[in-house]
Amino acid sequence: MSLRALVWNENIHETTQEEIRAIYPQGIHGAIAEGLAEQLGEDVEVATATLADPEHGLTEEVLAGTDVLLWWGHIGHDQVHDAVVERVQRHVLGGMGLLVLHSGHFSKIFTRLLGTTCSLAWRNAAEREIVWTTAPGHPIADGIEQPFVIDHQETYGEHFDIPNPDDQVFISSFEGGEVFRSGVTFTRGRGRIFYFSPGDQEYPVYFHPQVRRVLANGVRWAAPVAREHVTPDVTNPARRDWS
Amino acid sequence: MSLRALVWNENIHETTQEEIRAIYPQGIHGAIAEGLAEQLGEDVEVATATLADPEHGLTEEVLAGTDVLLWWGHIGHDQVHDAVVERVQRHVLGGMGLLVLHSGHFSKIFTRLLGTTCSLAWRNAAEREIVWTTAPGHPIADGIEQPFVIDHQETYGEHFDIPNPDDQVFISSFEGGEVFRSGVTFTRGRGRIFYFSPGDQEYPVYFHPQVRRVLANGVRWAAPVAREHVTPDVTNPARRDWS
Amino acid sequence: MSLRALVWNENIHETTQEEIRAIYPQGIHGAIAEGLAEQLGEDVEVATATLADPEHGLTEEVLAGTDVLLWWGHIGHDQVHDAVVERVQRHVLGGMGLLVLHSGHFSKIFTRLLGTTCSLAWRNAAEREIVWTTAPGHPIADGIEQPFVIDHQETYGEHFDIPNPDDQVFISSFEGGEVFRSGVTFTRGRGRIFYFSPGDQEYPVYFHPQVRRVLANGVRWAAPVAREHVTPDVTNPARRDWS
Amino acid sequence: MSLRALVWNENIHETTQEEIRAIYPQGIHGAIAEGLAEQLGEDVEVATATLADPEHGLTEEVLAGTDVLLWWGHIGHDQVHDAVVERVQRHVLGGMGLLVLHSGHFSKIFTRLLGTTCSLAWRNAAEREIVWTTAPGHPIADGIEQPFVIDHQETYGEHFDIPNPDDQVFISSFEGGEVFRSGVTFTRGRGRIFYFSPGDQEYPVYFHPQVRRVLANGVRWAAPVAREHVTPDVTNPARRDWS
């Protein structure tokens, strides 16, 4: 049975700025979805949803049928309804995988799951990013070149205010000397979370073959073994006789 | 300069149930504060605050002057104002240490910092708890017996829905066969967090010498090196010439 | 292509003690191999090797063709040649998965990979072990009952002298009140390591359906994505022009 | 009572290469010891030892009286006697802190404690290293500038083949675009380990004020709470009556 991936995008830049639409004519979600289909073929069914959809396209039913959710947001974080964020959080805790992308570091869902500000230093100067693998045996790094280069990117720099990640998969350097933990994983409840920073509305990063491979690897890795999402309940069990 | 510890307690059981007041005549906060003073002497200045105080006793000024906050809550979690919770979170991220105690696992501040439900299994049957040290070199375990026994306790059991802790310091077993990760640490922002489960309103656990030693060790461990609380800001630095 | 699992056993108890042979007539390795075949069917090819085999059955060629090695040893740890241990370590660092079982905690390969004594407290009194899942979303816990019970087992207790594990999957309690981190994972190089303590020569633990399920899950989880084992080399790269 | 730090250096470059002696006239150990004394004043007693000393200056008695050992080695790793390495490992597991510096990544003691190859990529081209703090609340980062710059350094690059560290404190970038996890911590047994890569025989890095501050912070952090070193023993406790 194939993986069910859902690519969520606020889809604001692409619909309001012609120069961004020129880079991502199908939207950022369209480019990411295309990349997943290209990399994973019949192993994946890809759907998309955006901020403008009813309930942002993230109804209870849609989430229950999602194995891995990918999240791209930037200037619309505040427009995401808290009730939807709580619903997404519940599904992640119940086992749905989550890939948070680039400026999604400031999304409500990411900061809520991590508990920190998720702040960072940034500069938009079309600098070169070099992405180094720090965990070459990790499934997310499978088939990734050491290093790979993105010619023009927004610069993200430390300190990145996140909790200690479970696995440290990628670290990037930028032309200006900055470093950034660009690929890190977390577990929350039964859900696996992968944050990956390369990707911006002003640069065609989601067409980069290595970035596409990382995202495809990430989707495979974050998919739950059991497909049903099961949120923990507090229980009050009677004392048992174990013999 | 001595450590500034602040013991916060909802103080509801003690003020509404005579049988609890009999166990904790000075309130749970009073017993904990007494224990810290007894263990740390002049190394600590202990203050207390409760839910009924204006702003729950957790004003900006009070928090700015606190090195380590201890948190006991149970039936009053919902009565804690969100604005105060956000303020406490900001101070933890800025460096204030936090000890979350027993039923505080369901407090707003703990679930917000951890991002999970923090649910667990429980049973109130006055069972024996045996507390085992799993990190004997950890500062919080300093001087603690292997194991120590609490004769009567509420039973807490796995699965405890928390993220992977930084350090796993204590694991308890209970008469009924349950196990529980009873002492675990986390880092959020600059703040160090220690969760310790032994302690309940119905049992005189906060008078137990080993429990008092653990809490004193925890306060020492969670205290920030730099006393000012510094919340991260997103920054937009210009490219520098490093030569 | 199916997983290639290799079950290694010192095979001393079974060949020298009639009462152990009565429990494990095909050897402990035979019982484990049977369990893997039963659980994983055509997804796995299972082979076995023992201490008495030339080079302990762990030649360069055999290891190069192994995805996951399972290790059971007890009274023969010292008889394992250091050259073979180094070879196994090299393959683990290169990506081969490793499951270390029960008394294998004191094997040369485990202590060498972990760097600690791996000591623990123990008592052989046919006590009941209750195995609790602490990471219900982990692939190794897939389909495992919360908790499952082993009626008679050797007791292992904390402190278990291991480094902080990557994931804490199972914790056991014993009739005598002991607790033990009975299922923990580590990464070393590209290799994934799972230590699982249930299992002893005197009790038919490797016939227990839940134990068999855990081992099968562990083999799946520890298998490398890329099948070739690649040990890191120190490199001296010239400075590159990234543009 | 003051901390007892012992700076160990193979002291080969300084005694055999005039140009290195010109940089470190008191030896690398001398420069490091001077820095610790300068930073920690009366809080520390600093001693030094070198490869040429009887038993490399690391007798049972010396180690028993050491709170934190600092280790610098490069071309003499193989000359360190295995018996001394085992002794140092035993003391680390028993609680002695250990700071491993720069090319010490390939020392017998470090690879033995970590279990991996500890290999990395390197290039000696007097490149600029920028050291970024990734854990600003960590005691080792106390008072450290974000970032600090070392004008000329040997370049170390990922992949650095180490296990997942406990804490990720510093990451460096180099002029050639490399990144390196330059400050990481581990726990082994009761011992705290800090690896810090800045520092080389060809560059006066151990005179850099920020490097000196990091090493002083590291010594404070790695010091055990209890001064006696206690190596775990396997124990066989009888079942106890806990009531």
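Each chain gets a letter, A, B, C and D, in the order it is written, and its residues are counted from 1.
The criterion applied here is as follows: a residue touches a chain if its C-beta (ideal position, glycine included) is under 8 Å from a C-beta of that chain, and two chains touch if they have at least 3 such contacts.
Just so it is clear, the model here is predicted, and its values are computed rather than measured.
Asker: Is it true that over half of the residue numbers where chain A touches chain D are used by both copies, so same, or is it different?
Answerer: Because over half of the interface numbers appear in both copies, chain D and chain A meet with the same residues.
Asker: Of the chain pairs B-C and B-D, which one is connected by the greater count of C-beta contacts?
Answerer: Here the pair linked by more C-beta pairs in contact is B-C.
Asker: Pick the pair from B-D, C-D or A-B whose contact list overlaps the A-C contact list by over half.
Answerer: Match found for A-C within B-D, C-D or A-B: B-D.
Asker: From chain D, which chain is the farthest off, judged by mean CA positions?
Answerer: The chain farthest from chain D, judged by C-alpha centres, is A.
Asker: From the mean C-alpha coordinate of chain B to that of chain D, what's the distance rounded to whole Å?
Answerer: Centres of chain B and chain D (C-alpha means) sit 33 Å apart.
Asker: Can you check how far apart chain B and chain C are, centre to centre, with Cα atoms defining each centre and the answer in Å?
Answerer: Chain centroid spacing, chain B to chain C, equals 37 Å.
Asker: At least two partner chains per residue is the criterion; list those residues in chain D.
Answerer: In chain D, the residues touching two or more other chains are 128, 130, 136, 157, 159, 164, 166-167, 177, 187, 189, 232, 242.
Asker: Mapping chain-to-chain touches, which pattern fits: line, ring, star, complete or other?
Answerer: Graph shape here is complete: every pair of chains touches.
Asker: Okay, in this complex, where on chain A does chain B touch?
Answerer: 89, 93, 106, 112-117, 119-123, 125, 127, 157, 159, 161, 163-164, 166, 175-177, 186-189, 231-240, 242
Asker: Which residues of chain A touch chain D in the complex?
Answerer: It is residues 128, 130, 132-134, 136, 146-147, 157-160, 164, 167-168, 171-174, 177-179, 181 of chain A that touch chain D.
Asker: Write out the stretch or stretches of chain C touching chain A in their complex.
Answerer: The contact residues of chain C facing chain A are 95, 128, 130, 135-137, 139, 142-143, 149, 151, 166-167, 187, 189-192, 224-226, 230, 232, 242-243.
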